[in-house]
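Structures follow.
Next come two complexes, and both contain chain A; in the first it sits with chain B, in the second with chain C.
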Partner chain A sequence: MRIEKCYFCSGPVYPGHGMMFVRNDCKVFRFCKSKCHKNFKKKRNPRKTRWTKAFRKSAGKELTVDNSLEFEKRRNIPVKYNRVLWNKTVEAMKKVENIKQKRQARFILNRLKKGKELEKAEDIKEVKKNIHLIKAPHAGEARKLEEKMVQKLAEDVEMDD
Partner chain B sequence: MALYNFKKITVVPTAKDFIDLTLSKTQRKTPTVIHKHYQIHRIRHFYMRKVKFTQQNYHDRLTQILTDFPKLDDIHPFYADLMNVLYDKDHYKLALGQINIAKNLIDNVAKDYVRLMKYGDSLYRCKQLKRAALGRMCTILKRQKQSLEYLEQVRQHLSRLPTIDPNTRTLLLCGYPNVGKSSFINKVTRADVEVQPYAFTTKSLFVGHMDYKYLRWQVVDTPGILDHPLEERNTIEMQAITALAHLRAAVLYVMDPSEQCGYTLSQQLELFNNIRPLFTNKPLIVVANKCDVKKVSELSEENQKIFADLLSEGIPVIETSTLTEEGVMQVKTQACDSLLSHRVDTKMKGKKVHDILNRLHLAVPTKRDEKERPPFIPEGAGLRRKTMEVDTPKHKLERDLEVELGDDYTLDLQKYWDLMNAEEKTDKIPEVWEGHNIADYIDPDIMKRLGELEKEEELREKAGEYDSDEESEDEEMQEIRKLAGQIREKRKLKILESKEKNVHGPRLPRTAKKVERSTLEKEMGDLGLDMSEKDNSHYVQQARSRSLVRKRKREASAPPTSRTRSQSASRTPRDQSGVRDAKMMKKVKMMMKSSQKGMNKEGRKGESDRHIFNLRPKHLLAGKRKSGSTSRR
Partner chain C sequence: MASPLSSFPRIAVCAVACSRTFSVSAAAPAVQKLTRVRVVDNSPLGNTPYHRPPKVIHVYTKNGVGKMGDTVLLAIKGQKKKALIVGQKMPGERMTPRFDSNNVVLLEDNGNPTGTRIKAPIPTHLRRLEGDHSKLLAIAQRFV
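This part shows the complex of A and B:
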């Protein structure tokens, strides 16, 4: 029993779900749901369909090359069952999964950092250009002037004294 | 090949049947209605047709008979001779000749009467002619009764002849009656020939087939031959002689040393010598049958000498017993081998061999060194062969286990697995964890790689990759952000307000609308200016004066222009109102011009382009009034 990969969206196909299509050249295509199957029949390219993993990886939106991803690989030569090895593998799997998720999250976060900077620049520009919508240019200047005058007078008085 | 056609000869009907058949066919297949008053040519045609039809039928059938029966000159001489023996060549040829003559006669009759019919002038005459023609044809055929009967019998017998292929490998059995030829063929092939104690049980040739060395062999059983000269032989014996003469086969001369057949050994030897000439060019074996009754060694001196003589001449003598099957296989193998080698020799001497020999080539690998390389058979093969012979089951089968346990039995193939630790055979192996296949992760050095990965991860963490970015924003940035948010909100509100106004077409300038003092003061207050105590400001004064001016205008009739002029002079002209200084004026003018640039570039019609260049366009006013109402042009 295996959890296969959907050809179109690269999602998991659990046993009892989805469809399998075998072409005349003996190539096998598995689909997780009819949405993927119908898109395939419409001859859409998964590398151009934005919601698929294939697109995301090819467009650089997700982590593609990494050591933690090398652990999960389809192997053609089976290894004989060995209890110790199997137990160790299950533990290792858990750890690898942890690390993998951390790294993927970090990758996406880094990708989105640039947007923050753009936002900052936008804000500054906005404020520079349209500040007049919320604050008049000479707002509060009259009072400041007055206060200055008062201060000056006070100083003069003091000086006189 | 002539062989096959013997079964496909059409049935030869008796004369009576033949006539009945043809006449009824004529009756059914030709038109039957004719009247006196028809035109004469039609009547003639009608009867001519009947005559011709009958003639055609007879002709066809007789021709078919003639072609179906084999011509004795065209078939293999063995069959020709056999047919001669059985049916007498002369009689056969005569019968067929008679049929041929009858056919020709019928044709002639028909021709004559058809010619006569052309001159028939009435229905009655034509009818009589037809009757005469048909009658004559039938009489001709009646005369052939004997021939037809004979041919029918020949056909029946011919179809029942055994299909002996004269060119293939054959073993021929001959000898006195009752010596055991039929028993031999019964033993060696699947044939089931009658075996009885009386002589001449076998009255004709019988064929059986057997396999040897992946080839098909025919075994021909003949009726017994007695010892008298050729001319005195009867039909049954002649069949055997024909077979001997024509078939290129290995001859098995069966003798009976026990003399149970009723003939002494010397008589049998006599016969052997008499038919010796027929054995030339054929491999010969003498079979001493019935050895269970009497062995050759138990015979008298002279009889044993006979066999010794035969042996010395080079003819193999083999003792057999068809009852106990002793020596039967030996005879068979020896006969087959000798015939095969004989056939090969003849082929080698023939002409066709060279074609085949040129194409054959036996390739033998050349010796590259002096090392001997004999064939090698491993020990296990010998042991296995031994165990195969003993036939004892070595281990308990699953089936036995199933039978033992009955209902509780479950097929568990895991117990046959070949693992390093035998206790792990009963483990339940996990296959999937959280959407991942465990089989994809299995690797003998997974722990090593995991260690490396964890080290790498530690290094990264130390380098600070995973530290969350402090939002090291100073207050300034926060301020700016807040202000930007407010600006955006204000803008959106303004846009919404202007959308709500929903004014299409030319809009009133702002100065045309009256601005309330309270709204002005509120707006400016929101923008941060101090709007308290503004009673003496210019906008308040102006408003008051304007309202006063308006009231005065309503009371009196319009006085002369001097006042208005002065008032208009006191009011700032429109292009100077709101403009502070020359710099601003310049900017204002620039703005005016630049706002018009876009529209001017597009060349669209604007508010001031109201001039109609063509008051009466031709396309609207010329032409006839077509469909539609005439309420306008």
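This part shows the complex of A and C:
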């Protein structure tokens, strides 16, 4: 029993779910649900359909190159059965899954940080532009002038001394 | 009807002699009398080009509908030949693959396959025919 990958959305296809289609060039396509199958029949390119993993990876929205993703690649060389290896592999799988999820989350977080900075700059710009809605244009100028005059007087007094 | 479509996944029906002709139809019918089929083994009878595609003339079931694993009688190159359906365009049972064409493997009268190799993928649920057509399953190269 093996959990396959959907050709269109790259999601997991569990046993008892989805559909398999064999094309005349002997290429096998597995689909996780009829949504993917129907899109396939409409000849849509998964790399251009925004909700698929294929699009997200090709558009750089998700982690593509990473050591933790190497474990998922299919190996065509069978490994001789060894109980210890089997048990260790199961434990390793759990750890790797954990690490992978953290790394993927971190990647997306870093990607979205830029947005936060841009947002802040935008907000500052907006406030500066529309400051007249909050503060009257000549609001504190009289007081500032007074303070300046006081300061100048103080300096003059110091110089005289 | 014979309008050539681009590569993805169907191939056009040619008017003149062409070895791989199969129908491009909108519906997904099961195999019955007069359906055109595609021979997938490497037998000379199946692979030599002829101006007419192999057609089903009789289906060996109670109703005249042939599904995956049924034997049929074909008319190929002016001869009658038995064959086994190994892939159908119509969606079958759950958990069985759907093929892009109605694939068929030629058989002798005693049930042995005519060709020596089957390159096209054969569905694994045909393994229930282990008794009658074990030789056919033995020459299959790829199971799907």
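Assume the second predicted complex is superposed on the first by the 137 of 161 C-alpha atoms of A that agree within 3 Å, B and C clash if a C-alpha of one lies under 4 Å from a C-alpha of the other, contacts with A are read in each partner's own complex, and residues count from 1 in each chain.
Going forward, contacts are C-beta pairs under 8 Å (C-beta built on N, C-alpha and C of every residue); 3 or more make two chains touch, one makes a residue touch a chain.
Because the structure is predicted, anything quoted here is derived from the model rather than measured.
Look at chain A after the overlay: chain B and chain C fit there side by side.
With both structures placed on the common chain, the touch criterion links A:Phe21 to chain C but leaves chain B unconnected.
Contacts of A:Lys73 after superposition: chain B is touched, whereas chain C is not reached. In the superposition on chain A, no contact is made by A:Met149 with either chain B or chain C.
Residue by residue along chain A, chain B and chain C are tallied for touches, and B comes out ahead.
Legend: residue contacts after superposition of the two complexes on their common chain; A:Lys43 is shown touching chain C, with no touch to chain B. When both complexes are overlaid on chain A, the residue A:Ile108 reaches neither chain B nor chain C. Looking at the shared chain after the overlay, A:Ala59 reaches neither chain B nor chain C. Aligning both complexes on chain A leaves chain B and chain C separated at their closest CA atoms by 16 Å. Within the complex formed with chain A, the residues of chain C that make contact are 8-11, 38, 87, 91, 94-101, 119-121, 142, 144. Listing the residues of chain A that touch chain B in their complex gives 1-3, 12, 67-68, 70-75, 78-83, 85-86, 88-90, 92-97, 99, 102, 106, 113, 120, 122-124, 126-127, 130-136, 138-140, 142-143. The residues of chain B lying in touch with chain A in their complex are 417-421, 424, 427, 429-444, 446-447, 449-450, 452-454, 456-457, 465-466, 469, 477, 480-481, 483-484, 486-488, 490-491, 494, 524, 527-530. For chain A in complex with chain C, the residues that touch the partner chain are 15-16, 19-26, 28, 43.
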